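A short write-up of the structure that comes next.
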Amino acid sequence: MTRKAPAAVALVAAIASHAVADPRGRDLGIPFDFGAPGKWNAITDVPGVEVGHTTLIEGDSVRTGVTAILPRGRGDAARRLCFAGHFCLNGAGEMTGLPWVEESGFLDSPVLLTNTNSVGVVRDAVIAYAARRWPPVGDDWTIWSQPVVAETWDGDLSDIYGMHVRAEHAVAAMDRAATGPVAEGNVGGGTGMVCYEFKGGIGTASRRLSEADGGYTLGVLVQANHGLRPQLRIAGLPVGPELASDAKRARDGGSIIIVIATDAPLLPHQLKRLARRAALGLARTGSVAGNDSGDLFIAFSTANPQVVGAPRPVALSMLPNLRMGPLFEATVGATEEAIVNALVAGRTMTGFKGRTVSGLPHDKVREILRRHGRLLD
Amino acid sequence: MTRKAPAAVALVAAIASHAVADPRGRDLGIPFDFGAPGKWNAITDVPGVEVGHTTLIEGDSVRTGVTAILPRGRGDAARRLCFAGHFCLNGAGEMTGLPWVEESGFLDSPVLLTNTNSVGVVRDAVIAYAARRWPPVGDDWTIWSQPVVAETWDGDLSDIYGMHVRAEHAVAAMDRAATGPVAEGNVGGGTGMVCYEFKGGIGTASRRLSEADGGYTLGVLVQANHGLRPQLRIAGLPVGPELASDAKRARDGGSIIIVIATDAPLLPHQLKRLARRAALGLARTGSVAGNDSGDLFIAFSTANPQVVGAPRPVALSMLPNLRMGPLFEATVGATEEAIVNALVAGRTMTGFKGRTVSGLPHDKVREILRRHGRLLD
Amino acid sequence: MTRKAPAAVALVAAIASHAVADPRGRDLGIPFDFGAPGKWNAITDVPGVEVGHTTLIEGDSVRTGVTAILPRGRGDAARRLCFAGHFCLNGAGEMTGLPWVEESGFLDSPVLLTNTNSVGVVRDAVIAYAARRWPPVGDDWTIWSQPVVAETWDGDLSDIYGMHVRAEHAVAAMDRAATGPVAEGNVGGGTGMVCYEFKGGIGTASRRLSEADGGYTLGVLVQANHGLRPQLRIAGLPVGPELASDAKRARDGGSIIIVIATDAPLLPHQLKRLARRAALGLARTGSVAGNDSGDLFIAFSTANPQVVGAPRPVALSMLPNLRMGPLFEATVGATEEAIVNALVAGRTMTGFKGRTVSGLPHDKVREILRRHGRLLD
Amino acid sequence: MTRKAPAAVALVAAIASHAVADPRGRDLGIPFDFGAPGKWNAITDVPGVEVGHTTLIEGDSVRTGVTAILPRGRGDAARRLCFAGHFCLNGAGEMTGLPWVEESGFLDSPVLLTNTNSVGVVRDAVIAYAARRWPPVGDDWTIWSQPVVAETWDGDLSDIYGMHVRAEHAVAAMDRAATGPVAEGNVGGGTGMVCYEFKGGIGTASRRLSEADGGYTLGVLVQANHGLRPQLRIAGLPVGPELASDAKRARDGGSIIIVIATDAPLLPHQLKRLARRAALGLARTGSVAGNDSGDLFIAFSTANPQVVGAPRPVALSMLPNLRMGPLFEATVGATEEAIVNALVAGRTMTGFKGRTVSGLPHDKVREILRRHGRLLD
């Protein structure tokens, strides 16, 4: 549990690891379904949602980090609850805080993503952070006491048992959260992640519904660390099998965390419906949700901001179930695209024990799509 | 599957089987917790809720029936949906319609209770009934297409494989539904039921919250067919062991269906919370939820009447979670009392194969409570 | 609720409606993933599993039926239980018997598929059938007392409120169950079903695992009635959008029931894992699981035949979780293929109110696949 | 987040805080139901199960700790998995590791109990501890990578935001685990807990089944921090209301964690059945599971020791469902008794901000039971 390098180095690394001008899935001519994205084609298209990364790339063997998604940003609006719901497609992973999400119907904290062995330190850090920012008044309880922290395993590229993530890294990810474009690939919690045996990590996408469908925005952010090469499908095509396999994992030991945000006024049971649809988007990229995969999804709505402890019934708005179809399509579409974006943004990385994982070869992918008459130009 | 007697006989039987002036649990001096009941100490204290029974007592071997709970009565308000949630404590039973309750958050039909082998005929009858009453306009869907029908096993006292319940019995129970006092014991779906090896059946109770707690009403109706004699507790006392066992069932093969109604504005996930509390009320009467027991509970709220197919977001009211405590207490208290009321109302019955099940001996129960200093006079 | 024609007509219709020599998905050159099928590429490749259909095609407006899947065939082995598990992707549908499947871990009856309004009559018929075949000895309980009956809505092509399915139709489907090839398309419960706005219905497929993976067989049978035309994907290609839409449903009101059988020794919680993977196979055909869709899946294992009432611990076999990967792939692959097979087998049908639904145009599908370099020849 | 005292002080405190000769519920003459306890009337009666506490009592304001339950003790048997299942009665709490318990059916780590704000540090400590003890061979995964750590809130008596629990405290609890009598009350994770507004904390009890019922042992351990004074029932009597309330909490903000162990050969879905029954035992002490209560229960079986990564099907033993009744009763009885034992063992404590919580007055409780004819002498 030695700590090898000052966090400052990591923070610089974060900035260097990803240029926003890098191409994304659409830039490569990959077609995606189910409507048009929002301004940034990111979870941050949902008004209020902010994302921050702490990326830890240190020496030969530290390739990890923390990503924070703040449903209502960093200001005092962060104390207001969001309705939320979750779904577990395959449970070989951790997402803390779920009993309270299920019981209360609320997400009352940010969602943080990190590596498997650092869930605990990040979780406790969120509690301490909230207590410092909003000290209890009298015996009133501090919010953020059951934080949602999820993980995937980066032990291939990072010295995961070195326990390199510290409380201040979690705090930094929250403090640096912002709206606007979201860095993807080898950043934040996704720094050391591997997806379909290519370099994976963070990816995001969004959909903006037509005014006739309510004009809502739905955004998805994934930490993609799942899948075997032969399973990979892009635009429905067998891209994985057609790319020679230069890396072979013994088994499908990866995982994917999917976070869905929307400003549509959905109740908790309706948000579970969105969370289940994330599985359908994942399936379109080829995954069968392997035995060792922690495929845990959470959806929240920024509509209906609630306060804890309201003394009497509160007024809410609810989208009727029959109007949810476009949001189902948006979830499937944005999830598929966010995963592809994570692959497109992933860059070849060498890490722990000298292991190297290659980035997705953009040119070859374009060539496969062109050959099958599926490339958009 | 011969049909032995005209339904008319049964309907007369229903009226004869229970005088509303019969004593209930409180009349015997049994103490109950968690607040005061509503006017009728019945599920019908919740405004709009109506209950109807069809009781089939025919010849030597037919002791069965149907009970219908109409959340919004028999008028056109019945087309409006109720938020609902359920809980299964032990699943050796049937409650149809649960996938849609869970998915949509709504109960869109009445709840009907009958015997195990008649769930199907009752279910289809509800669909046909709704189609006749509210024929589809254009291609609009008829409501009540996934009815909620639950059951317990009355094969000890009734010729359950004779399939004596017919569609018209289900319709009659709905048509006769009314507000006001609810007949208990050997009536409706509870006609042939056995509880803690005494005669059981239908029981009901309610709680009215203080104005400070919102002034809401919560009512419970049970079809009680569960438990072994030695398990029985009344007012926390070991009444079962202290009463000589004159009947011994081979195993705890019974079941209990619990229906909870309230006018508090609760969302589906909050109604699940009520449904889980029904298990706590059941436990206070001594049950351990035996292996063969179908212990299925459903809770609905008459607040927030919804229509199917609203074109845009609808306004709702929600009771904050922190205000739910009195409703939890009300659920536990009314469930315990409804079960005791079913036992108190049960009358000794002889049925199939000449089997006899005794009613709870009121005097002996009073004597036990008096001896332990727990009788209210 | 008039009954228009003798069942005999329907039974003849069943035989005429489908020639086994008709082409299936593979015959058209459509590529499928995740291994090779068993002998019949059907759920009946799992030893012991038998399937029977009753098809009701009568006059202008009856287009419905019943399909029965018998996990251990029609003989006395049918009294032995199967471990089972289920998953609900979207709950706008009915599958009776789930509380007991969830609680006990067992499927103790056949699985029957029919139309929405006939679930009840079929359910009660299964109970009565079992009681006739295996009358209780002493007070021993008859098996099959919580049957699993599921449905999809055929009200577009059939007079669903006419309640044309009767108990004898359910019995006939069970009695006619057999191993060997399974008729697909407009047969049994699938007779009047519509899938991606083409004629759908029953479809099936299977996978045989390599000896290294255990040599197990996994089969899938679907009753496919889901999806909108523009969503349809075949072999990952946008076949739906490329086929001109000649039918337009107002909304995604369909449903799909998926039944998964295997001889791999899986426990109930492992069978739930298979059931969840069916959603991934469904997604590969384009569905987003619409609001009105009853997408209910059940998986069972024929290994570990159990008897009710064993007096002491019984010996079981369990496949380790880490060995389940090939079964996950088989489930995804066979589900995708079974849905395509339902579409390929569906034949243009005219029914209720003169409505016509077209069968999938085989030649056009082949042309689309050829154009995209995905046709196998 | 200052750390005020060396852990050594705390460890001494642990030994001093509880004499095993202190009276327990039965010693006071309180009657309990459902059979006889094992040798120590503790969870450690289940062969192999070991329990260890780290108690942190430091200065004026630290009253917290960690309790570890090791299903197969501290030796190499600890690497073998246990089947497990869980139930959440009310989710205002945390129990990490549940997605993997649900998915895999296995508990693959010890269960640790601590305060709300220390779940993270304890969780990561378990991972690091396992990695040190059993370093991965080749790329084989270390076990204990999704530890089960649960919590209740001790912020009334302890400076919970001081984050006083450190990794070494979790390790010490595991290292000190032993079979034999289990210290109760103000120890380990229960040090600062409050139950029905009396001093609560750790409690345990067990049941030994008759040989006719299989001769199995079932043990329960609780960390009891729940309930309001007026709700308290002991032996079914209203002990809470009859004791003058000298402490009044604003709301039912407590929680209870319940751990159930057995050597009966139960599968995961059967262990969920036990976990649900814990709610019934809790109900018998008067709780209604308040809104803020984290009532999370987990059950495991030490039968069928499994290894990760077995290459082919493994042989198991399963108790038939119909034989589970005595285990249901044992769960209800031992849970009720363990909670009462926690109350009986709790000692008056003064802590954070000078607050004092009184221990249950043994004499007054005996007097109430005697008055109601329920005291055993």
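Each chain carries a letter (A, B, C and D) given by its place in the written order, and its residues are counted from 1.
Everything below uses one rule, namely that a contact is a pair of C-beta atoms (placed from the backbone, for glycine too) under 8 Å apart; a residue touches a chain by one contact, two chains touch by 3 or more.
Being a predicted model, the structure only gives us computed values, none of them experimental.
*Asks:* From chain B, how many touching-chain steps at minimum until you land on chain D?
*Replies:* Tracing touching chains, the least step count from chain B to chain D comes to 1.
*Asks:* Both chain C and chain D are touched by which chains?
*Replies:* Of all the chains present, those in contact with both chain C and chain D are A, B.
*Asks:* Where the centre means the average of the CA atoms, what chain is farthest from chain C?
*Replies:* Result for max centroid distance from chain C is chain D.
*Asks:* Could you tell me the distance, in whole angstrom, between the mean C-alpha positions of chain A and chain C?
*Replies:* Centre-to-centre distance between chain A and chain C: 35 Å.
*Asks:* Calculate how many whole Å lie between the centre of chain A and the centre of chain B, each centre taken as the average of the chain's C-alpha atoms.
*Replies:* So the centroids are 45 Å from each other.
*Asks:* Multi-chain contacts only, two chains or more: what residues does chain D have there?
*Replies:* Chain D, residues with two or more chain partners: 90, 102-104, 273, 321-322.
*Asks:* Across the complex, what residues on chain D touch chain A?
*Replies:* For this pair, the touching residues of chain D are 1, 88, 90-104, 116-125, 127-128, 131, 139, 141-142, 145-146, 149, 161, 163, 250, 253, 294, 296.
*Asks:* Please output the residues of chain D touching chain C within their complex, sorted ascending.
*Replies:* Going by the criterion above, the answer is residues 102-106, 214, 265, 267-270, 273, 306, 308-323.
*Asks:* Name, in rising order, each residue of chain B that touches chain D in their complex.
*Replies:* 33-34, 89-90, 233, 235-238, 251-252, 273, 276-277, 279-284, 287-292, 321-322, 324-325, 328-329, 331-332, 371-374
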